[in-house]
Each structure stands twice: as structure tokens, then as C-alpha cells.
């Protein structure tokens, strides 16, 4: 049975909603160039897929589609949505929906600011400092949600009240994407330079895509730039 | 059984290769905005679909995909490929493949140049003139293909020899497209101002899309601009 | 002198960084269809532009470009970035940069939740309730920023610490967009159903675009769907 | 004075119509990430540009735009228009315009079909065979145009009559493109595997882009995959 749901972070998930095609779809889209079509995937197709990926002939990989339902913190979606090519997103709206309590991300461990790489992190914040960080983080998010509820209670519209909610708040998204675009997302976001939190989502997506298009995904990832 | 193949013009076709989703996919993509999801399509969903289309909320209609295999004359594909949003194309290559004989489009009737609309046609070229037109058309295309074969025989590469082939030559394409983009293609290309030949393809596509997403397509077409 | 900067909300702005073309560029891109080109814009061009907009021939409007530098709250950018067609964004990164104090949006007046339109607002929260809302809002955002600074002080990396910052935080973006895509943004986001805060940005963008492509923008907005 | 026009093939050209930005635009779009902006391009910017290109941070390269007016044979445009990302095209229409005589491409030399690479060419068709090929090519195109004129004379509409015109016919296009997309076009189409005829256009585009964004283009091309 294919993998259709994986838990990610403390409250998130990636679910496969639907998909179109298989490794064979890539091969058949490519073979239209020389007027051929196959019903069963075989060894020769593996060679063709490898050739396409090596030579940057990416269009056959886009005759595929997957829809995922994802729950992730807003700061993760802000990175995710930079991937716009062959990607469609529909997100839960904070104008319609009142946010429930405790639906924010809390890190299990806090990482230290990296010294050389200005945008990265390294090691962990240990001991007392770590405990303090955890308490501050949790308290600030809880308080923000409580104050948000008070604003709603005072009659303030949801679209304004949400301004005080934290960037770690969970949201939900429908994401429809071609295999090529999914592979690009996986490549960039499983990279060690990506933020650890989005890496966890990228690994989950990778595990699901691997079951659907194993050979095509392998070829795309192997032939990516170093 | 769903409609999976239609003949178009004298030698063309539209075949449905694969698709993802149904009317329900559109509804569920939209409902993620307010955190809901359904398993069965019902009457309320029809209202939601109509509302989305009326208010130009088009993103839910893009969580769908279809792949078609199309055989059409090159001048038709040149119009078709102007539709680039949410569309992927893979085409047979005249660099790889030697074109067979008699694979060009021949009109059954010739239309007269329109007088007011500079880009249109009206009425038909009748009688002797029509017969002459038919003879000229057929002879010119046949001759071009025969001369192409001679060039190939002289050792000329296919990529240069094809320069003398006519724009009415048939080609084949894999086309992957979202429902929204398919509806846009149908709307513009079934319009009376579109060239008659591409209208025939647009009607074929419409008949196939209608079976896959009947309510969503109807809503998109009804709410299009006049 | 053209308008190159407008203040928006309490701390935001829209600045015009660069642009390419004028009404004449639209006309010349359209006239390539019939093999013509002009050096000076005249009355006949106004008719052509109106015709193009009326008949949904939008491609000539995309042979133009503008780059804006925008400072806006994150929740505004989250709506803005749904406009992805012919749009490019580069945003300040909370992984690189430590956020300064007091750089969050504070509404002058709070609007009430609308009763019928679930995603809208109507009227204002007056009197004591309004004062309380203001105090809660300001205090929650200030506190979040203060706690963020504490997390940074404890050695927590910026990419994690920012999770507790509010959605009303200001960010900065470079936005490059074609005239057609800018007109689409203006049309949807100056609409009364758009959130009031993004409407203010859409009006600012409109005033700047109007000076650059007055006739083309007018035609695009007049021929939009009702 | 910048390079604004280059002749290509026997009757084609590439003209620069307009452009937006410079190397500095790329740098400033990137620097918005860490909240900085410069007025003059200096050595440090060269390092930043190299870093961006090396690490596949391509979005800053898209805050630029160029419009070209290109005259090329239809089979060249069919390859060109596969480059759809950040590219806009407007083409002369064979429905509006009656084609003039002798506006088709005639190769100076004919290349031989390659034996190993099925889609390539190698060496030239020499001597008698070459002369015959030239005569066949020229005669077939001339005849097709003459027969096209006869169809028009019989009252046949332009949109049907053009079906017998050859793929080597010249057309004209307005092309608006970002620097990143132009670099991608240059990289793929100056490659030895591209058809020789489109290589000539890609070299012309390269010479013009080099004058507008010398450092940014260099960085993008150097860091391309081998």
C-alpha cells in the first residue's frame, strides 16, 4: 500500500491526496518526440529517463501531477511558496477561520546562531539557556493566542486580530505540483543549508514521491547540480 | 465508459491519456480555506463551484490535471501553444523523425477571406474556383513532401530538409493542462472568431473535459466574460 | 516629475525602482501582428489599446515591466504573493537579518467582524472596546519583539527565534511585474472585498502605474469583469 | 553606443527594443534580503553576483527585462517558443497579413544527416548533390509562395491559404524576457547540440545581453551545468 500520510514536526503532516501518472508517463511524454508509446515500463525506459535528466530535458517530467494536503507553520509555508513553477497552492484563510488554541509550532530543541553562515544555525542551546528559551517561546505564543481571542471577544474582525498571531502558527495548504517541480523542491529543501524545519517536510514529500515515480525521481535528483 | 478518443479534421485526433481528480477535487481545494473536506460531491458543492467561478477565485480549479495526446496540423499547434499558463507540451521532433508521405491537412472546403474582419473568413469558395483551390493545395503539399524526400535522399539532414515542408503538416503533441487552463482554451478556441480548424479541436477537448469535471467546467464557461 | 514614492499605513511604503516602456510599447507589441511599428503615440493607438483590452488580447500588455520596492506587514505580503503570474519577488530574510524593534503594523482603527460576509469586516470597534483592543494589540506585539530579542540574547538562531514574531511585522520586498499583472493586482486588491490594509497598497501602486502607462491601465481596468 | 541590431541568417535580425536595469539591479534585488541597497556597482557586487549564480539563487536575476524584435524562420521560432518561463511573445499573424514573396530562409550550405546523433547534422553536402539540394530547396519554396498567391487570388482566406507555405518562412516576433530566462536561452541554444540556425540567433542575443548586464550574464553562464 502506498504511503499516504506522514507526521512532521510537533503537529504537522503531509498527506497525499491524489496523483497522475508513473515513471511510464515520463517515458511516453518523451517518446512522443520520436512517435512511440509503450504500455509497460522496462529497462530501456530507465536508460531514457537517465538520459533525459542528464541532458536537462525536463519537460517530460512535467506530464505528471500530485496533490498534497500539508499542515505546517506559516514560516515554513513562506519558504515553500517561493517554489512557484508548476505549483499551485490553496491555503486556509485567517479571514474566514478563527484560529484554535495551541496550534503553533514549538521546537523540541533550540539551535544556536551560526557564526560564519549568517543565515544558518549550528549546535544547540543547552542547559538553563535552553530551558529559558523554551519557556519564553511557549509563553509568548500562548499569550499571543490568548490576546487574539480577547480581540475577537471585543468584536475585532479576524483579518485584523490575526496580525498579532505568531509566525510559528500552523496553517494548512493544498499543493498541486508536477514531478519536476516536486524534485526541485526536494533537492533545495533537503539540502543542509535549508532551515531544519522545512527539511523535515521535504524528506516527507520525498518519501511519498519516491513511491509514485521511483526511477524518475532518482534520475532527477542524481543529475541535479552539486 | 468515458470518452477517450475523438477524430478531428481529416487525419487528426484528440486522445485522453490520463487525468487527476473530479469536481470534488475543486471543492476540496476550495474548502481548505475554511478547514473542511468532503468525500462525496453533493448539491452544496455545486453552489460553491458556481460561487468560485463567478467571483474569479480560480485557484481551486487548478488542483486538477489532464494529459491529452493530440495530432493536429502545425499551424493549429502554433495557435494552441500560445496557451502557456498551466500547460505543458511535448512535441514530435522533425530533427529526429522523417516525416511520412501524405501526412498534411487538406481542407474539405475553402473559406473566402472576410471583408470586414481582416483576420477572419466567411462563406466558401464554390464551383471551379473551389476545385482549382483544392487541386493547387493538394499538389503543392504533395510536391513539397516529394522534394523533402529528395533532399533526404541527397543526404541533407532532416533538420534542414524540413524547412520546405508545409505549415499544414501534421504533428503530434502530449499536452498536460489543469482544468482552469483547459476551460480557458475551450472558451477562446470554440469562439466564432477562432480559426475554424482549431475550433474543431476545442470542441473535441470540451467533450472530453465535460465528462471528467462536468460541474466545474460548466461553471467556468458560464462565468467567462462575454 | 513622476511619482516615485508613497507612504502606506503607519510605517510602510511603495517606491518605484525602475520601469520599462510606455503605452507605446503595448501598441508596438500588438502591431507586430500586422507588421507595423510607430515612434509616437497618437489617437489611433488609444483605439487599438481599448480594442485589445475589450477582446482579452492581453499579451501586448506584458511587453512592459516595473520594479517596486515595498515595505508592508507580512500578512499583506502573504496576500500579495498569491499574484504569481508575471510577478517576481525578493524578500528580506529573517534568517539573515535581526528584526529591529517597533517594526510592526498597528491599526489606527479596529474594524468589526462582518456578520454576513464571513471573511470581511464592517464598521469600527468604538469607545472603551476600541481602546482596549489598541492596548492589547500594541502590548502583544511589543512583548513578542522583546521576547524575540531575549531568545537572540540566549544564543537562539534567528531562523527559530522569529517564529514568535507577529504576522503584523513589517518586511520588505522587491517586486517586478508586467503592466498586465499589475493591473490584475490593482483590480482585485482595490476591490471592496479585499482587506482594507492591502487596498491601501493597491491604491498606491495604481497611482504610480497610472503615470507610467495611463491609457493602457485605464483600458485594462475598464474592461475587467464587473 | 550599445549594440541594438544584428543581422542573422539570410534575411533575419535581432533588434533590441528596450530594456530595464543593469548588473546593479540584480545586486539590489539580492541585497533586499539583508536590507541594503547601493547606487554604484563595485567589486564587492561582482562577488555577490558570482555567489548567487553558483548557489542557484536565481530570483535576483529576474528583476530585469529586455524586449527584442526578432525576424526568424518559423522553424526557429518553434524551437525558441519552447522557452516559456519569464518569456512573452507577440508574433506577426498569417491570418491578418498576406506574406510577401521571397521571404523564406535559404541555407547557404546544406549539412549532412549525422549518423550517431539521430537529431543532429555533421559535415556538408558537397558538389553536385549540394547544388541539386539548393535548387530543389529554392524551387520548392518559390513554388509554394506562388501557389499561395494563386489561392489568395481565387478568394481563399489567408488563414487557410497559408497552410501550404513552408516552415522556412520568415516571421517576426516581439520577445520580452528576464535576464535569467535570456541566459537560459543563450546557454541551451548556443550549445553545439542546438540546430545551427538557432545558434546564430542565440549568439546575436548573447552579444546584446552582454552589453547590458556583462557581469550578471557571465556569472549565469559560467555556473551553468556542463
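By written order: A, B, C and D. Residues from 1 in each chain.
Here, contacts are C-beta pairs under 8 Å (C-beta built on N, C-alpha and C of every residue); 3 or more make two chains touch, one makes a residue touch a chain.
Predicted model only: the values in this text are computed from it and were never measured.
> Which chains does chain B share as contact partners with chain C?
The shared contacts of chain B and chain C, listed by label, come to A, D.
> Could you check if the interface between copies chain A and chain C is built from the same residues on both sides, meaning over half shared, or from different ones?
same
> How many degrees of rotation map chain C onto its copy chain D on CA atoms, rounded to the nearest 5?
To map chain C onto chain D, rotate by about 180 degrees.
> In angstrom, rounded to a whole number, how far apart do the mean CA points of chain C and chain D lie?
Roughly 34 Å separates the two chain centres.
> In angstrom, rounded to a whole number, how far apart do the mean CA points of chain A and chain D lie?
So the centre of chain A lies 36 Å away from the centre of chain D.
> Roughly how far is chain B from chain D, going centre to centre by Cα mean, in whole Å?
Once rounded, the distance between the two centres reads 26 Å.
> What residues in chain D touch two or more of the other chains?
Within chain D, the residues that touch at least two other chains are 34, 59, 82, 89, 93, 96, 118.
> Of all residues in chain B, which touch chain D in the complex?
Those residues of chain B that touch chain D are 73-75, 78, 81-82, 84, 89, 93-96, 104-105, 107, 110-114, 118-121, 125, 129, 132-133, 136-137, 139-141, 143-144, 147-148, 150-152, 154-160, 162-169, 195.
> Quick check: in the complex, which residue numbers of chain B touch chain A?
Touch residues, chain B against chain A: 17-21, 25, 28-30, 32-35, 37, 59-60, 62-65, 67, 69, 86, 88-93, 96-97, 172-174, 176, 178.
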